[in-house]
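Input: structures, listed below.
Next come two complexes built around subunit A: one with subunit B, the other with subunit C.
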Partner chain A sequence: MTDAALPTFIAESRELLREMEAALLECEQGESGAEAVNSIFRAAHTIKGSSGLFGLDGIVAFTHVVESVLDRVRANSLQMDRTLAAILLECRDHIEHLVDAVADGKPDDVQLATKGESLLQKLSARAGGPATTHATATASASASASAPVAPAAGWQITVQFHTEVLRNGMDPLSFIRYLSTLGEIVELTLLTERLPAAEEFDAEACYLGFEIELASSETQQRIEGAFEFVRDDCTLQVRPKAPVASESVAEKREASDAKETKAAKNSDRSLRVDGDKLDALIDLIGELVTAGATTTITARKAGLSELNESTLRLARLVEEVRDQALKLRMVQIGPTFSRFQRIVRDVAREIGKEIRLEIGGAETELDKTLIESITDPLTHLVRNAIDHGIETAEVRRNRGKNVEGVVRLDAYHDSGSVVIEVADDGGGLKRERIIAKAMERGLITDGSSLTDGEAFALIFEPGFSTAEQVTNLSGRGVGMDVVKRNVNALRGTVELDSKEGQGTTVRIRLPLTLAIIDGFLVGVGGSSFVIPLELVEECVELGDEHRAADGDQRYINLRGQVLPFVRLREMFSIRSSASRRESIVVIRSGGKRIGIVVDDLLGEMQAVIKPLSRLFSRIRGIGGSTILGTGQLALILDVPSLLDLCLNTRQVQVAPRRALTD
Partner chain B sequence: MTNNTAAKADDAERRHDQNQYLTFVLGRETFALGILSIKEILEYSAPTEIPMMPAFIRGVVNLRGAAVPVVDLCARFGRPSAAVTKKTCVVIIETRVEDESHVIGVVVDAVNEVLEIPDSEIEPAPSFGASIRADFIQGMGKVRGKFVIILDVDRVLCVEEMEMLTHAAASGEVVQPAA
Partner chain C sequence: MDQDQKLSMSELRVDGELTIYRATEVAQTLFDAVRAQTGDVGLDMSDVTEFDTAGLQLVLMARRIVEANGHRLDVVQPSECVAEVLELCNVALNNNEVQAAS
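And then the complex of A and B:
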C-alpha cells in the first residue's frame, strides 16, 4: 500500500482508539450496553483490517486476539465486567503504542512485542474457559507475527482489474502466474462483462476480471500480498472457499476494504481536510473583509447611491462567507471532554478516591485551535479538582455526602463567548487559609477587606498553593497562575466560585474564535484603537465639568453609579493636545465596569486580528493589530490587561517613552 | 546534466550574492548590510505607533496584510533620530532565530547602492573606536578607499534583546544610562 495513505491510517486509528476508550470506560462503570461493546468491537476490527492493508503484522496479530475476545462478549459467551474492561483498556493502550511506533517509523519494537505478549497472556487468563482455545492459540502464535489463521481448504479470489492497469505497466497475467506459486489454481473463470462494443474498444485498456479458485494453505494476507502492486488498480476480494465460518467470511470481506466500511458507518458525509488549507482560506477571507471595508468607504465617498447599495449587499455576503468559513474550524468539545474520563479514572484510582466524571454541553462548538490550547489548562484544573477538591471517601462519609465524588465538565455559549466549567462537589476553598497564605507570601498585607471573589482570585497568583502536602499530582504551587496565563493568552478570563464544604467551580470564558472579532473603533489624537465590541456597554459624552477638573477626579456619576475612567491619551502617552470633545466608552470586563476616555467614536467594524511581532510579546494593554479599510493599522485593546494596568497606576505615571541608551 | 549546470550556476550565484551589500546612510555615516537578509525597500510612511515602547521602536506598518515592526536604527545606535525627508526609506529585513523567522523594517536616511565587497576587502571589526557597539559590527569593508561599517544583522536586530528592552519600557522600569 502506498505510504501516502499511512498518515490517514494513523489518524483514523487514533480516532477509533479514542472511541474505544470511551466505550470501555462506560463498560467499566457497569453501564455496558450492547452498543458500547459493539463499538469497541468495530474499532478493534477496523484497526485490524486497515493495518492488514499496510502489512503491519504486529498490530494485526495483537488486535486479532483482542477482537476474538470481544466477539465472544458480543455473542454473550463471555461476561463484560470491570476486570475485563480494565484489561481491555490496557490492550487498547498497547494498540495505541503500536500505532505510535508505526507513526515514529519503527514498527518492530522488541520491548513492545514482549509487553504485548504478557498482556495477551493476562487477557487469555481472564477470558479463560473452553471457548478461548482459539484466542490462546493465536496468542502464542502471535510472537511469530502470524496473520489470521487460514482455513486449509482454499480461497475464492475475485479480481477486477481497472482499465488503467495496462497503461500503468502492469500485466494481469503475471499476478495470476505468481498466484500459482502460492498454491494450485483449481479453477479460473474469466469475467468479461465489462468488455465494450468493438467500436468503443480501446486496445490499451484492460476490461478483464478473473474469478480464481485457489487451493492453498497460505494466509489471506499472503494472497492479498500477491496483488500488492496493483492494489490501487484493482478491486480485490479474497474469501475462504469453504463456508466454514460464515462469521469469518463477512469479517474478511469487511477487512479487505476497511475504508469503505468506515465511510459507510459514518454516513454523516464528513470530509477530512488539511488544517493548513483551512487556515489559508480564513486568511484570504480576512483580506476579503479588509478589502470590502475599503470598498465601502470609497463608495460612501463617491456618493453614488446605487454603488452604496451594492457594496452594502456585498458586505453582507462577505460577512456570511466569513461566518461560514469560521464555522469550518469549529469542532465539538465532546471528544476533548471524553478524554478526561480516562484521566479521572486513572488519577482517582491512583490516590484511592471514588470519583465520577459528569459531562455536559458536549455538543458545544469552538475553534479547533482553542480546543488544542485549552486542553492543558483543563487537565490541570481537573487534576486539581480530583486531588485537592474532592475529599477522601472517609471525610465525605463523615460530612454526610455521597461517598462517590463528582467532577463535572460543562460547556455552553454565553453572549458571544464560550464558557467552560470545571466543577467539583468537594471541600471548597477555605477563605481564611488562602488569606493567611497570601499574607505569608507577602501578596497582600490585610485580608479583611477582600471580597470572596478577590480572595479566591489570589490562588491565581504565581507561587501560590494551599495544599498541605505536595503530591506528585499537584500542590507544588505552580499551576493556577499558568492556567490563568494560558487562558489570558487566548483572550479569555478565569473566574472561580467556591462554597466551603460544597465545592468549587472554575469558569473559563473564551472568545469563539481567534481570527476575527467584532470591534468598536475609537480615535485618540491621530491613532486608532479597536475595543472588542462584546465588552462595550454604552458610550456617553464626557461633560465639561469633568474635563475641567482634570487631575484628581477620575470618575463620573453614571445614572447614580460611580464609574471610574482612564484617559487612553495619558495611559499610552499619546502626544497630541486634547480635542474639543471627548467621549467615554463604558466597558465591562471580569465583573468590573470602567470608562475609557477617547476623542472620537468611529463606529463598529469587523477586525481581522493580525498578531503583533514577538518584539511586542510582553506588551500590556494591547492584544494585536488590525488593518483598517484605509490600509492603516489600528491596535486592538486587550481590556483585561488594560484593567490590570489601571489598577497599578504607579506604573502608568512613569514616562515610558524615553530613549534607552547604554 | 542540465540540472547539474543549473545547480552550479545557482551555487555560483549564491556565492556572488554573499558578497553583495546594500549601502545606506544614517546621519553622516555610511553602513552596509548583506543583501541576502533584505526582502525589499519601501518608501517611508508613518508607522502606527505602539504605546509604551522604547524610542527605537517606531511602530508597525502594514506590509501586504501583515503587521511588521519598524525599528529606528539611529535610536537603536543611541543617536538622535533624523528628521524624515523625501529620501527616508524602510528596509525590510528577514532574520532567523533558530527556526523562527522574523520580518522587521528599519528606517534609514537614504539608500545608496548595491555593490560587491570581496572577502579580501573586509577587515575585522575594531575592538573600540567605532561609533556603534562593537558587537553590531560584522566587519569593515573597504569601498573606494573608505571604510563602511558592515552591520551584523542578527546582532543589531536581535529579537530577544529588543524584546527585553521593550518589556522593560512597557513595565515602566527605566533603564538608566550607565553613569
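And then the complex of A and C:
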C-alpha cells in the first residue's frame, strides 16, 4: 500500500468517524438499536483494518481495544448506556485526533499517546478487562438460550469463510459467538477439508468452514444478519431445518439469497471522485451548452431542416448530460445536519442547558460546494440559537415551557431554490431592544415606522449584537452580518421570523446550483438579460395606459390583483427609446410577485453562469453574466435582490443606476 | 517455544498470543518442531493468552502433520481462551475424545 492512498484513508476514516459519532449520540440519548451499535462497530473495525494496511500501529492498537468493547456490546455481554456512549464518544474523538495527526504527517505524538492510554483505562474501568470477554459472552449466550422464548425453529447453517477473511481483519469465531446469542447451537461441525498440505499452508489465510445447527426463534434475515460484516468474505447458506421443508423450497431460498446478496452488493457500489475532476467536467459541459446554442442559431439561419432537426436532438442530449452532471454534484444535506448533533450536545452541556436537535428534510439535495460554504454560517446560527435563543431551564420552567429546548434544522426545495431553516423555541427577538440598539449605533434614526421584518433584519447589520450576556461562543458583535455576507456571496438570502417568547426561525434561501441555470431571455434596447426560468410565472402585454415613460403609476391590475412593476430600462439607465410593444414578465420569488417590463421576449435558454468580477460585486440586482450563442453577453438578473430594490422604493432609484453609470 | 522430551510423549509448548498477528512466525517454528517429533505429541497451551481462528488453524495443521506420521497430538492444559474456542468449534483435546464422541 503506497502513501498515495493515504488521503483516501484519511477521508474515509473521517467519514466513518462521522457515522460513528451520529450513532453514538443516538446511543447516548437512549435510542440505541442494534443498528446503531453495528454502525459504530463497523466504523471502528474498518478504521482499524485500514490503518493496519498503512502500518499505523498507534491507531490499530487503540482502535482494537475500542472494537473489542464494541464486540461485546454486539454480543449482548455488555450493556450500552449513557456512560459507555460518552466514553466511546471520547474514544472516537481520540481516533479522530490520531487520524488528524497522520494527516498532519506526525503520527507519533507523545501527548496523544498518553491521552490514549488514559482513555483506554477509563474505558476498561467501565467495560471491564478484555480477559473476561469470552467467559461473559458464553455466560450470556447460555442465559439467553435458556430464557423462555418463542418456540425455537431449527436452522441449518453452512458457512465457508474465504481465504482472505483473516487478512481483512475479521475473526470468523466472533461471528459464531455472535450467532450463539441468537439461539442455541445444537450441533457444530468444523469443516476442515480445505486445509491444504503443510507446504502450501499459509498461516494468514483462512481455510475453515462451519456447519451449524441452530435452534432459534429469530427470522432467517436476522440469522443471516449475523454474518453481515463478512457477507463478501464468506459463502453462506441458511436453511430452515424443519421436516416439512422440501428440497425445492430450500433451493428456492438459496436462489433468492443469491439475488439478495447481489442486490446488496449493487447498493453499495459507489465511487470516490476527485472534486476538481467534477468541476472540470461541469466547466466543459458549460462550454458545450454555449457551443450548442451557437450551433442551434447557425442551423436556424442556414434554414436546412435536416440540420435543424439534428441540432434539436443534440440540444436535448446536451441538456440531459448537463442535468446528469449537475446531479453528480448534488449531495444530501443530512450528514451536514447530523454533524450538528455533536455541536448542540457539547455546547448545551458547556453552558448548562438542556437542548435537543431535531432534523427535518435530511434527504434534500443541494450542490456540494454550496453545502461546504453553508456549513460555517449554519454553525453560527445554531450556536446563536443555543446560546441566545434557548432560555435557561429555570426561565423555561417559569414560562411554562418544556424544560428541554428544541433547535430544529430543516431543509426543503421551494420554487427553484433550497431553503434551510434554523429554528429554536426560545425567547425570540425583542423588537424594542433591537431598535434601541440600532439607534444607539446610528443605524437608524427612528424605529417606529419599521415593520417587524425590517426591525429583525437589523441584526444582520455589521456590528450588531443584542445579547446582554456575552459568552465565549457568540454574541461578540461579529456574526449575523458575516452570516448574511456569506449567504449573499452564494446568491442566497437570509430572513428572520421571530415571536417574542415563542422562538426564532432563520431562513436561508439558496440557489440549487451555482453553475448553470435555465433562463428566460429578454431584451431591452440592445441589451439582453436572463431571468431564472423557474421564477417566471407568465408574460403579459403592457397596456397603453401604462406606457407613459415616467408615469407615476407603477402597478397594474392583473386579473384583479395588484402587480407592482419595474422597468429594466430605467433600472439600468439604458439609453434607447422604448419599443412599440412592451411586455411584462411576471416573476415570483420568496412569496412576492412583481412585474418586469422589457421590450422583447426572446425565449428559454440555458445559461452558464460566469460570475461577475469583484469590481462589480456590489451591484445589486445582477447575479452574474452569461455568453449567448451569438457571442453576445447577457446579464443574469438576481431576482431576490431586485425584488428588494423595487419593494423598497426609497432605494430603488439609487443603487444600480449609480453602479452602472460610474 | 520450549521443548521438553518425555519418555512416552514429547511435549511442546506454545505461549503468549496465538493470533493472526503472529501466525506466520509461529507456524514456521511449530511445524518444524512437530515434524522433528517421532512419537505422540502433547501441546501445552496453558499460557496462551489470545487465541483466534488463525491460532486454531495452526493447532489443526500441527495435528495433521503428526497424524500423517501415524501419531497423535493432544492439547494439554488449554488456557481459558483456548478451551473456549476448542469447545465452541467442537475440536477435541485429544483423539480419545474424538473416538468417544463418535
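Here is the rule we go by: the second predicted complex is superposed on the first by the 404 of 662 C-alpha atoms of A that agree within 3 Å, B and C clash if a C-alpha of one lies under 4 Å from a C-alpha of the other, contacts with A are read in each partner's own complex, and residues count from 1 in each chain.
Keep in mind that, in the parts below, a contact is a pair of C-beta atoms (placed from the backbone, for glycine too) under 8 Å apart; a residue touches a chain by one contact, two chains touch by 3 or more.
Fair warning: this is a prediction, and the values are worked out from it, not measured in the lab.
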| item | value |
| --- | --- |
| Partner chain in contact with A:375 - subunit B first, subunit C second, else both or neither | neither |
| First (subunit B), second (subunit C), both or neither touched by A:195 | second |
| Which superposed partner A:324 touches (first subunit B, second subunit C, both, neither) | neither |
| Touched partner set for A:616, first subunit B, second subunit C, both or neither | first |
| First (subunit B), second (subunit C), both or neither touched by A:571 | first |
| First (subunit B), second (subunit C), both or neither touched by A:171 | second |
| Touching partner for A:290 - first (subunit B), second (subunit C), both, neither | first |
| Which of subunit B and subunit C A:77 touches, first, second, both or neither | neither |
| Complex interface listing, subunit C residues touching subunit A | 20, 23-24, 26-27, 31, 52-54, 56-58, 60-61, 64-65, 80-81, 84-85, 88-91 |
| In the complex with subunit C, residue positions of subunit A that touch it | 134-135, 138, 161, 166-167, 171-173, 176-177, 180, 188-190, 192, 195, 198, 201-204, 206-208, 210 |
| For the subunit A and subunit B complex, residues of the former touching the latter | 283, 286-287, 290, 527, 571-574, 610-622, 625, 627, 631-635, 650-652, 654, 656-662 |
| Touching residues (chain side subunit B, partner subunit A) in the complex | 47-57, 60-62, 65-69, 75, 78, 100, 102-104, 133, 159, 162-163, 165-172, 174-175, 177-178 |
